[in-house]
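All chains are identified by letter, namely A, B and C, in their written order; residue positions are counted from 1 within each chain.
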Amino acid sequence: MDAAVESVRVERATKASRVFAVLAALALAALISLPWWGDAGDMRLIAEMAYYVALAQLWNLLAGYAGLVSVGQQAYVGLGGYMLFYLTGVWNMNVYAAALIAGPFAGLVAIPVSFAVFRLRGAYFAIGTWVVSEVFALLASLIAVLGAGSGLSLTVPILQEISTHRDTRDAILYLMTLGASLFVTGIVYLLLRSRHGLALTAIRDSEPASASLGVNTFGTKFIIYIATATCTGLIGALIFLQKLRISPEAGFSINDWTVVVIFMVVIGGIGTIEGPFIGMLIFIFLREWLADYGTYYLILLGLIAIVIMLKAPSGIWGWVIQRYDLQLFPVGRRLVLRPLEKAAKR
Amino acid sequence: MQWINILVQGSLLGGFYALFAIGLSMSFGIMRLVNIAHGDFIVLSAYVGMIAVDATGLNPFLSLIIVMPAMFLLGYALQRGLLNFTLSGGLLPPLLVTFGISVIIQNGLLQGFGAYDHRLKEGAIETASLHLPGGFDVGVFPLLVFAVAVASIGSLQVLFYWTRLGRAFRAVSDDADTAELMGIDNRKLYAVAFGIAMVFTAIAGILFGIRTIFDPAAGPIRLILAFEAVIIGGLGSLWGTLIGGMVLGIAQEIGAALNPNWQILAGHVAFLALLIMRPSGLFPRTRD
Amino acid sequence: MTLLLRTRDLSAFYGDFQALFAINVDIEEGETVAVIGANGAGKTTFLRTIAGALPTAPQAVLFAGQPIGGKTAHDIVRLGIAMVPEGRRLFPSLTVEENLLLGTHSERKGPWSLKRVYELFPRLRELRHLPAPSLSGGQQQMAAIGRALMSNPRLLLCDELSLGLAPVVIRDIYQCLGAITAEGTTAVLVEQDINRALDASARFYCFQEGRLALTAPTKNFDRAALTAAYFGL
């Protein structure tokens, strides 16, 4: 150890992260109270932002931390959505119970899927996950009780179970989505702060090296994959609870539930918790701004993602970190070395 | 007799999938590029063919005179100006950039041509069929597609094993750094390779446009089918890709014989099963 | 004698790690020069930087008076610098002859042809249609040298020619190298086998931890000084 260093500490929180925590709490309070001061359109938009953030966090966890570059997460969005419609419509299950079961169901399905796709590496893994999702979509379009090709709709009685008043129902659905998104972001955050988070960072940096240091790479990846599928299924159930209709194309859409999500993560900053928020805001902004011009916003989003990938591969937030050493969600550990002379001045 | 028919029809269908897959197989084999936009390039070729047919009144087959060089230039420019920059940073950059291209092509076509179905009209050949002894019919067009696939792979084989350019392709595929030290300009070579891959994509696109209707969203499923053919066959082996396509086609025909709705599903299931049993395909050549 | 290769304050980096520090080397046309040093001294990095595989400042490397630092590897081959890489690095899916022909992609005219290479290494002619990996280590080394010669280099960079080869094979290889340099090709030999390298060359540079520690003619040099430079004593 260098003699000029007096004290060494490992810190997580930074000044910026403490300020941010206060601001975030205020913003959260505003969002929670939205049903009392905003209209249905605001709630729909914020709910959409919330579930996109959740999907982006989950993909980021998979690809940015665990190195599992899946392009088949729409499989679990669709599964979650279909499970909700099936349980409520066919089994007459309570809608809240169905939403809660949808997530674990997706996680359960992910177990045998992982046995298959985990045999694959890199690009093979990516394509394998996509094919699995296509299989689910085709199965959904063949199964009569799932409405086959035309899909399912939520019936009025099911909606009235939530509330007979439309405004109240909108508010409840909004708060559920917001809560689920917070829950997912919280899980990702806690996971990254945990021992698993450290293991993940090690695996991402070098899988053979971390395996030789005793990190259980397969086990860690497996847990992440299943946890991600579970959360994705829950979010999927809530997405289609808002949309009221599901079909094989909508439920298992790679463009809606994976491609734009990947763009958000890459634009915002892969491997950071802040990145998905920024990427989502850019996506929503482009879409609303270019709302009158068809799908040009997707072309623009694609262009931005390409430019970021090539010019600033760590994304907008990665650039901010490099430039200002700012971290709002303190997942990392910082070694604080206080030089002797500075310590002496104090 | 029904089984022979399934084998024949499935094999012919496999020729179609192999044709889809040639461009993909080349770009993966030579520069390890996973081109997610490949299916969209097939569809784009069909649209370029449609524009050429509308503008010149040419027969769709002859439109290849325009579509092939156009796609070569597009491929060369994309590799030189964009894709070359994705090749040094792991899996994500090429994946994301080609996803971006895919979204741009799909939505560009959607904005330019609408979501309607289109088709390249060729006339009698689309429905003509040959009566074979044993009492089953073989479509002339599927037979033609299969012949084109075999001829394409054969011509690439000649290119790879009998020409200076092909030797450079194989060397770069083996060891890009050493090839550069021997005087090969990898970036330029990659651009030529992607250009040539796009020529075969153009052929696939025109035949696809004659065979079925197409719309801006038709690309991704073609990409998956092409991937399945490549991976079943084993990366980097073009004849393997043809066999892979045929395995896929036969699996689909078996599925379709059981229930017409199971065709694509049966292909995916066969692919996943084979992938789990033999992750490196039936005839692997490329080392990654 | 004209100066063929000159490096001035040549530095090289792997990411943040500096592998070479201000190397100054002068090599005359027609010379055979050895570069020796312990493992990790920067010998291979030195060759790779000259060959353009690692970036450096333009003026750091002058070849025949031209600044070539930072040019791409394929451009540098075209100017007349060829590399026999460490571990041979033949292309496994190419035949022996195809490997040799790959050397012609630099499009340099000169005395070397398939015929001349086969005269130098007659064994390769018999093996020419075999895939490169089926050759023995010594035969592969011959093919790797032949491949470099096919680009008609003025300067031949040889990285660890003796690596993994039997002594009798090493002797043959160095004999052939003597025949090549006798015709006027300049050569830089990187070797761990110090005696072998010193026997084959007129002058040596000794590297130590990325820095130049000693340079001297190979005749009548001070062994003690070399030992000190080599081990950093």
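Here is the rule we use: a contact is a pair of C-beta atoms (placed from the backbone, for glycine too) under 8 Å apart; a residue touches a chain by one contact, two chains touch by 3 or more.
In this text, all values refer to a predicted model and were calculated from it rather than measured experimentally.
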| item | value |
| --- | --- |
| Maximum inter-chain contact count - chain pair | A-B |
| Chain ID, smallest distance between chain and overall C-alpha centroids | B |
| Farthest chain (mean CA position) relative to subunit A | C |
| Interchain centroid distance [CA atoms averaged], subunit A/subunit B, Å | 33 |
| Distance between the centres, which are taken as Cα means, of subunit C and subunit A, whole angstrom | 53 |
| Cα-centroid distance, subunit B relative to subunit C, in whole angstrom | 43 |
| Junction residues of subunit A - those touching two or more other chains | none |
| Subunit A-touching residues of subunit B, taken from the complex the two chains share | 28, 34, 36, 82, 85-86, 89, 91-93, 95-97, 99-104, 106-108, 110-111, 220-221, 224, 227-228, 231, 261-262, 264-265, 268-269, 271-272, 275-276, 279, 288 |
| Touching residues (chain side subunit C, partner subunit B) in the complex | 51-53, 72-74, 77-78, 83, 85, 89, 91-94, 98, 101-103, 105-107, 147-148, 151 |
| Contacting residues of subunit B [partner subunit C, same complex] | 164, 167-168, 170-171, 173-175, 177-186, 285 |
| Residues of subunit A touching subunit B in the complex | 63, 69, 71, 116, 119-120, 122-124, 126-128, 130-132, 134-135, 138-139, 141-142, 254-255, 259, 262-263, 266, 270, 294-296, 298-299, 301-303, 305-306, 309-310, 313 |
